[in-house]
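Chain nomenclature is as follows: A, B and C, assigned in order of appearance, with residue numbering initiated at 1 for each chain independently.
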Amino acid sequence: MIVMEVRDLTKRFGGLVAVDHVTFEANEGEVLSIIGPNGAGKSTLFKLITSFLPRTAGRVIFQGEEITGLSAHLVARKGVVRTFQETTIFKEMSALENVVIAHHLRGRATSVGLFLNTRVARQDEASFRDSADEILDYLGLSRVKHEEARHLPHGHLRALGIAIAMACDPKVLLLDEPFSGMNPEETDRMVEMVRGIRDRGVTILLVEHDMRAVMRLSDRIIVLNFGRKIADGTPREIQNDEAVIEAYIGREDDELGI
Amino acid sequence: MRLRVAAALVGLALYLVVVPFVFRESRYLLGILTTASVLSLISLGVWLTFAIGRINIGQAAFALVGGYTTAILSVKLGVSFWLCLPASGLAAALVGAVIGWPILRLKGVYFAMITLTLSEAARLAALNGGTITQGATGILNIPLPGEVTFAGVVLVPAFRALNVHLAFYYLAAILLVLGLFTVTRIASCRLGWIFRSLRQDEALAASIGVNVAKYRVLAFALGCFFAGIAGAFFTVSQQSIYPSSFGVPDSVYFMLYCFLGGLSYVSGPVVGAFVLFLGFELLHGLREYQMLTYAAIMITMMLWLPNGLLSLRLPARPGMKADA
Amino acid sequence: MNYALIALGITLIFAIMGVLNFAHGQMYVLGGFVTYYVYGVFGLNYFVALAASAVTVACVGLVFERFLFRRVLRITTREESTMLLAAGTALLLDSLSLALFGEKQRGVAPVVAGVYEVFGAFVPASRALIFVLAGGLVSALLLFIQYTRPGRALRAIAQDKETAALQGVDIDRYSALGFALGAALAGLAGGLLVTVFAVNAGAGTPISIKAFIMIMIGGAGVVSGAILGAFVLGFSEALGYFFIPGSTTYLMILVGLIVFLIFRPQGIMGKPWG
């Protein structure tokens, strides 16, 4: 079942076309990876889908509903949540506080209710705490949950970023280079985490450079080059795709000066 | 925890009971304490904008809005002060919300500069407001607050029948206590955490579904509300208002009070305002060197206490901080 | 043209140090007073007076940078700190001027007498002189920044402090230079204009505000923006006062500025911010 469609999504910066009429579909419960040489427009694509960048053209349809052009927080409210490329967390809050605040979308109390600390507000807070504990536990962060976020080591920060995204109860999770800067053990653990999240029913879109992780994890892969989609298929198909090899090798040649 | 509550109660007792009783005949002392209280209130408003990560040098503009609202309503329309007071707050908040919506997209120096422009623009608007604001002459002879009766019972006697200075002291004190309570409450409930998330990373906040624009304006408008109320107070305590009543230097002072008291603490602006304003008055004897010494002291404080006065004694409590 | 001097000065400081020099207007006033005393009271040559103004204010700038800003920049975690320190220095200079020079307005007789006729308008010779001198100073500054080694160092720091440091530029020394230079420009502007307008100790804040307006229009931290901003402001003022007497002009300028900034916060030439 198709959970999200992207149609002709385009982004132009002045004369530069960063994303060029990209069209694809995401099936419910799959892990869809988006790869491509540097500068292919992958992260830009994510930003367009989640409305962190205004699009030049194209549409995004989520669960049959048009979400193109909705403001960023509304896109999150619909269930499409992204993580950020550099590890983005609330630095001056503890890990626990980070995840608790990320439950914002599940809040039932109004602003006034929060101020007055009504029963609903207190119930919210209690349920957020429980949920946050569970998420942190699942991602292996229980021991550091009271540490201030900026003191956490890199691997934990990544996990925290994902914890925050999970607190939003997403239906589609867009992970932006979650494996970058990780050693093999950390990568393995992250692969397991991502699989686990997928098993919980979340559709995952992944932008990544680490080919091993991508090949292990993905149900389908989309390849971008110069903002255009050049391939779309299973990992095996992509590995043997001429255009893909050309795109990567071609780039390498440039760098080598051949 | 117990210690804090006890300290707060003692402070309140001093503030609301002991001091006014002991000094009830001292016009000067009551006067400066009253002024310090209201300055604290305005600074609390500025603190709210610091809490969402903006540097606000425009608070004077909103104090002016509040002041003129009260002046015009009470002089031209004969509205009772007790209605003017909330009306001024609301007027300032409304103007704040309308202007805030587009300008809060800016950050850092840019936001600071545009708010600075607001302070100056407000002064000029008052100056050129024609018959409404009476330009440079200002609005004078603003009546003192009248009495408040309910079901034949006098709840608040008319100010002119009382020790006026004492009456204003109490009004200021009550406003400040209410204001401080409100901001403390906000800071410790989830609203405060939402504001904190805005301050630390707006993009991340948006990605978790926080309606960034709405909460920014909320914080800003709330800050403006405080300014409006304070403006109304000054208008009526001085029974006059001029375009120059609140200007750019005032906006800068409010900022400084927050900063020097300690931005990480809700009571920072209050401590800052009291210490600095009272300190200024204490230097009265230095005459022409008063201002100079004052400025020198402020700079020294910035050099040695970059996190404000309160950082000396209190480790910041989570839930009470602007930057947790 | 004089506005350009002021705008360039504050832009320089902003570009190098990232600090909005709240005290800029006060430095202008200080420069004016120094010229008043050296030229008007002691009767020395006007150009000597100007030089004295520049040097005095530059020294003040140096002291500020070295002892105040450098320290705060090092120990603070919040970005607001330097701005508030700048506000503090403004208060300091303001009160210093008041204490040293008193409240009276001081003016200096025009350096040259006579009137020129330019394109059918009468231009007092003194204003022409100011124009020429200011123009000369601005050009000199631009040449300095563009072609000399220290100038290039300053530009490098303005563009990317870290890279400049990595390339061996002594950040501390050039920051001091930048600040001193920016301050000197303000002082010179004051010295020049004291022959036409009187200065008094309280004039600092309105001038600082004008300086801010100029860099808001043109773009903070960009030299071309500073000059552009200065011209736009000067032009708007002249045009405005011609049609609408009184301070309404300024109100409209400010409102226009606010609206403009909402759509283009970085000013005309400014770098778009992230």
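Note that contacts are C-beta pairs under 8 Å (C-beta built on N, C-alpha and C of every residue); 3 or more make two chains touch, one makes a residue touch a chain.
Here the structure is a predicted model, which is why all the values come from computation and not from measurement.
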Of all chain pairs, the one with the most contacts is B-C
Specify the chain most distant from subunit A by Cα centroid. C
Subunit B and subunit C, separation of their C-alpha mean positions in angstrom: 32
So, what's the distance in Å between the C-alpha centres of subunit C and subunit A? 48
Quick one: report the Å distance separating subunit A from subunit B, using the average Cα coordinate of each chain. 43
Could you list which residues of subunit B touch at least two other chains? 323
Seen from subunit B, its contact residues with subunit C in the complex are 50, 55, 99, 102-103, 105-110, 112-114, 116-118, 120-121, 124-125, 127-128, 248-249, 252, 255-256, 259, 263, 288-289, 291-292, 294-296, 298-299, 302-303, 306, 323
Name, in rising order, each residue of subunit C that touches subunit B in their complex. 14, 20, 22, 68, 71-72, 75-81, 83-85, 87-92, 94-96, 98-99, 205, 209, 212-213, 215-216, 220, 246-248, 250-251, 254-255, 257-258, 261-262, 265-266, 273
Partner subunit A, residues of subunit B touching it in the complex: 185-186, 189-191, 193-194, 196-197, 200-201, 203-213, 218, 318, 323-324
How about subunit A: which of its residues touch subunit B in the complex? 50, 52, 71-73, 76-77, 81-84, 88-93, 97, 100-102, 104-105, 107, 109, 111, 114-115, 117, 121, 124-125, 164-165, 167-168
